[in-house]
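Pasting a structure below so you can have a look.
Naming follows writing order (A, B, C, D and E), and every chain is counted from residue 1.
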Amino acid sequence: MGLQSDLIPLLAVLVSLFAIPLIALSSRRPNLRESWTFLAALIKFGLVLSLIPGALRGETVGGALFDIAPGLPFELEADPLGVFFALIASGLWIFTSAYSIGYMRGNGEVKQTRFFAAFAMSLSSTIGVAFAGNLFTFIVFYEILTLSTYPLVVHKESDAAIQAARKYLTYTLTAGLLLVAGAGLLYMETGTLDFEAGGLSALIDSDIASGKLWVIFILMFIGVGVKAGVMPLHSWLPSAMAAPTPVSSLLHAVAVVKSGVFGVLRVSGFIFGFGVLQQMGADVLMMILSAFTLTVASFLAFKQDNLKRRLAYSTVGHLSYIVLGVSLMTMSGVLGSVLHIAAHATMKITLFFCAGAIYVNLHKDSISQLDGAAKVMPWTFAAFTIGAMGLTGIPPINGFFSKWTLALGTIEAGQWIPLGLLILSGLMNAGYFFPIVARAYFKPGGKDLEGHGEANPWMVVPLVSTAMLSVIFGLFPNAFVHILDLATVIMEQLFNVGGDL
Amino acid sequence: MIWEFELVLFVFLVFAAIVALEARNLLVSVVMLSVFSFSAALLFASMGAVDVGFTEAVVGAGVTGILFVIAIHKTSAKTND
Amino acid sequence: MFVVSYISISLLIVLAGVRFKESAQPLATFGAGVTAVLSLVGWIVVKANTEAGFPAIRYGFGGWAPPIGIEFVLDGLSAFFLMVVNGVAAVVLWHSAGNLDKHLDAHPPTFYALASLFLLGLNGMILTGDLFNLYVFLEISSLSSYALIAIGSRQAPLAAFRYLILGTVGGTLYLIGVGFMYAMTGTLNMIDMMAIIPLIAEEPAVLVALLLMIVGIGVKAALFPLYGWLPESYTQTNSISSALIAPIGTKVAAYVMIRVLLFVFGASGLNAVWPLSEVIAYLAGAGILFGSIMAILQKNLKRMLAFSSVSQIGYILMGVALMNPLAFAGALFHVLNHAIMKATLFMVSSHLERQEESVDIRDFNDSYRVKYPWTMATFTLAAISMIGLPPMAGFFSKWMLALGTIEADHWVLLGVILTSSLLNAVYFFGILEKVYLRRSGQKEASQASMNEVSWGMRLPALILALALLGFGFFNVPLLDILQTLFPV
Amino acid sequence: MKRSFESPITLLGARALAPFIMMFGLYVIFHGHYSPGGGFQGGALLAASVLLMRVASGSKTSSLILSNAVTTPMGVVGVLIYFGTGLLAMFLGGSNFLDYEGLPIPGMSPFYLRYTGILIIEVGVGLAVMAALVLIYDKMADGEVSQ
Amino acid sequence: MEMFLANYAYAFTLLILCIGLYGMFFKRNLVKKVIGLSIFQAAVIMFFVSLASKMGGTVPVKWDEIPVEMIDGYMNPLPHTLMLTAIVVGVATQGVAFGLLVNIWNRFKTLEEDALNEAILEDSRD
């Protein structure tokens, strides 16, 4: 590959960074400002798209740019996993941009310039996280992501928002520091922090005491696990729902939390390697934590009346599906995880979009107030139903597909308890989503619904499109962007096998 | 180097230092400090450091003393400790 | 050879510049700027020399051979410190031009004479190759800093007086230590002494001398239990002095610590009898935590920054005491970072003090965002670097320090570094929240209008803050060199 | 000085003593390079004699000896003599800073050059020290210590 | 006796040093603190001078009866010259201290530590 394509990962990171000054400068003219956002999103998506053919061939594009710390290069590499993640993040940014225009204006929010600028910044760092070629670069972008999401979480500037943002910052900064400490320990032991499919050969070959290995693993797992919402560390996520809905939808369903689970994948698959983890017995720890999380989170989701909080707990649960899949360390399990990253992203973003549309249009955020709302907002609730069905795991939506693969993984690994919990949690998903749908469709609406129609097209079109995407990817997993093929390539790299699944 | 002489000077130095610190009237303190400096100068000279003694006599006993007096006149000469 | 003479000339420019009563500020700034450029030249020459395998540049005054005469030594370490000190000082003095009218009741020539004398002392401390001469320069810089600190609020002279008492004790203890070393080795020259120390390292007198010197310099460097003078001094003095003294004053004391402990005594000499380096490392660790916690409790921005200095000095001394190249490079890099960060933050506090008459954190509110957009942007950059988040420079020095603690197997200290980063985040984000977020009971930002200080003040602060970003991205060449400076 | 310690006896004593102290100071300065003493001690002695007059007779009379306004320039001149000699030796003589042998005085052997060089330096130091000490006194006495 | 003769100077120096330190840290009057400082510095000078002094040595001034080559006949002049500098530094320190004292007096009208602390407390109460 030539020089130009080597620069694509860097450009993909920089695009939205360049958009920030433009956004800031055009703060007086909202239309111009939003078109910058749009333009950046489209260019970014195009750049990521251009990487797909290479990634499908299993190639890695990009490389070290310069040393950012002694012995540690600043490395942006688009390997298949990175492209996969970047694809989801940048693709959904386009929809979110459109949606946030509708949401922010419809809601009459203040400080919109700051909002869009911080949004572009966090997308930049998400792509950076995706393309980071070594753990150090990963950490750098991971921390920038933390910082740039802070203004978004705190956007409303209410006391609740400030509290939530503080909580968010405390959790994620601590996690970042532990990650740094873990990286430091690892670096001193092995002298490298590069990501290597199947685990660092320097680590596998070395004879580190298992106690030290455990320390490193725990530090790193907490570091990435906080953003992935693993159970004892999850509580920032429901609080962060104080943020405006576009933020919740893209960042807390896609970018931030997914960079957490992405980090789990990177740490376990590309740093330690599954072999080492199984030898250590760390997979059991991960499995117990994630299985616990997905069960308890589903229970907690039942109790929430606030729609966004219920979605948040559902997110916590679904993130644990992914971690669980990784912890199985079998091919189907990990494949299921990777696919669920994509599936959950499209479905959960739909649900959040719907929640936002309902909030802007009807000023309702509690589930108990939604009686009969489907009659005034048919499109929104149709999309919501699709998303809910997908998360429950009903075919032909893509959620079914990934869950099925996950279940196969548990069988393959011979882990029956996780399988049981998986099924149980699927049922519980149904249990907490369908009452909402049923309420909206079948209960008679109150008087306050009169005079309200469907939401602004700026919001409806994105949410319907993402719902459509879920269905399309469920039916044709290789449509447009070859999600399944990409995931297969990733598996080949991780498990070092050739050929089909 | 007459060590008996030095010993006497040392005792005198300690005495002067204590009085300088304990006197209630700061002017007494300053005078005792000058005495202290002058004894120290003698001691230096007797130890063979003629020029140090010389300087100490001029500076420590002379100029510093004057500066102390001025400072005290600018402020207050009484103290409780 | 000629480099050192250049530097001594530049010192003369500083000294001579201030004597002309008119236009003291431009002259002083010019002097500091020339010195900064010269130290950059010196750094480059030393680097070239080291690569070519030449030893450090030594310059004997009066043509006397080093053991008798006084000599100046320019090696990598001193070149680095010269660069940091003079560079930051030049920017601070440039910045002070816009602030003169408000904050100096004394007439400017006196002030700039003192400031230049202060810089002269610091430069001398860095360059000298002689322990006694170091004491003289130490006192020159200390005396001028007492006077600089005394210009300020009502309590400033008292703070300065207390600093004077403590500082003089520190300096004198150092001098006694030097006396012991002289009695033991018969030389005052650092390079000569370095050769003799391994032979006598276990003598009790050497231990006493070492302890005295550590305590003496520790006072100046605000090593943990000896930091007492620092917070009051930085809080009460005027904002120009605090911006000048806080970033570089303690750094040079840290330099002396490095020079004496690592270069003169060396690791073996230092730990010959007691594991003193461990003691210093843990004291520094205690200082880091103590400083951070005290900083959280403060209501006054300047006092908060002062306590934060106590904690940041802890990082530097800890890196020195860990005795490995990684931590050493981290400490030196932190010297650079902290000098820039503290200068920036104190400049910001001077902007606020100038416009608002108060630096009480409780008074900060949403309107500051509108009134001082540039100042606050600068503050944010410096604060993020202070917390140690990538890609700001502060992260990389902490990274190196963390690697150093791992290398030395000091897990507790690793924990200290991590904890204090969080504590830093607590107090800096507390301010950022106040400034950028509207809370109930706060003034409406919409009622405020832009009330920014002049560009002459905004620009230097902004340049320093951006320098932090630059050093963050391109730290590797510097860190590589700094690692090689560690004495084997 | 607002409050002088005026009394005829002190004034007489001071006036009798001051010239001798001053003379001795000069002697110390000029013999500093081969006997105990030198610029600093000599300067301090000169200052002491001036201060004696100041204390004894008040600033009006004593400023006849050394006026208040002269002290600062005098100190500057002293410092400049010191550095000037050093720099002259460095630039014109081509040797190190303060290397007296490099002083550009024609027709002098290096041995005498060193003598002369030290002497010049001592005079500079003496001037500076005297000026500085008197300056401190004046500032304090005027209550102008505003640093 | 030998022991005493060899070391009594150091013992006295240490004693004076401690007196000076006591004055600086335990006296509540600021002028007393400066006096303590002065004593403290004098003690350090004394320490250096006694370091250099030698039994049987003479003043380090060239004297024709003892040729320069007989180094034992002279005392070491280097500490002496250093102490001259130290005295200068001491005077300068005291000069600055006086300046500060007068300034403090002008602002607070007291030089007693306790009264000053009270005044500061009052300031911060406003």
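Rule of thumb we're sticking to: contacts are C-beta pairs under 8 Å (C-beta built on N, C-alpha and C of every residue); 3 or more make two chains touch, one makes a residue touch a chain.
Owing to the predicted nature of the structure, the values given are computational and were not obtained by experimental measurement.
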**Complete:** Shared touch partners for subunit B + subunit D come out as E
**Chain closest to the middle [Cα centroid of all protein chains]** = C
**Item:** Greatest separation from subunit B - chain, by CA centre
**Value:** A
**Request:** Tell me which of B-E and C-E has more C-beta pairs in contact.
**Result:** B-E
**Prompt:** Measuring centre to centre with C-alpha atoms, which chain is farthest from subunit E?
**Reply:** A
**Request:** Find the geometric centre of each of subunit A and subunit B from their Cα atoms only, then give the gap between the two centres in Å, rounded to an integer.
**Result:** 79
**Request:** State, to the nearest whole Å, the distance from the C-alpha centre of subunit A to the C-alpha centre of subunit E.
**Result:** 70
**Fill in**
Rounded to the nearest Å, the gap between Cα centres of subunit A and subunit C is 44
**Request:** Find the geometric centre of each of subunit B and subunit C from their Cα atoms only, then give the gap between the two centres in Å, rounded to an integer.
**Result:** 38
**Asked** Which residues does subunit B have that touch at least 2 chains other than itself?
**Response** 50-51, 55, 59, 63, 67, 70-71, 74
**Asked** Hey, what residues on subunit D touch two or more of the other chains?
**Response** 36, 38, 40-41, 133, 136, 140, 143, 146-147
**Prompt:** Could you say which residues in subunit A touch two or more other chains, in rising order?
**Reply:** none
**Prompt:** In their shared complex, at which residues does subunit E touch subunit B?
**Reply:** 5, 8-9, 12, 15-16, 19-20, 22-23, 27-29, 31-32, 34-36, 38-39, 42, 45-46, 49-50, 52-61, 75, 79-81, 83-84, 87-88, 91, 94-95, 98, 101-102, 105, 110-112
**Request:** Sort out for me which residues of subunit C touch subunit A in the complex.
**Result:** 329, 384, 387, 389-391, 395-396, 399-400, 402-403, 406-407, 414, 418, 421-422, 425, 429, 433, 436-440, 473-476, 479-480, 483
**Sites on subunit E touched by subunit D in the complex** = 59, 61-62, 84, 88, 91, 95, 98-100, 102-103, 106
**Message:** Could you list, by residue number, the parts of subunit C that touch subunit E in their complex?
**Reply:** 68, 132, 135-136, 139, 143, 146-147, 150, 154-155, 157-158, 160-161, 164-165, 168-169, 172, 175-176, 179, 182-183, 188
**Asked** For subunit E, which residues are in contact with subunit C within the complex?
**Response** 21, 24-25, 30, 33, 37, 40-41, 44, 47-48, 51, 78-79, 82, 85-86, 89, 92-93, 96-97, 99-101, 103-104, 107-108, 116, 120, 123
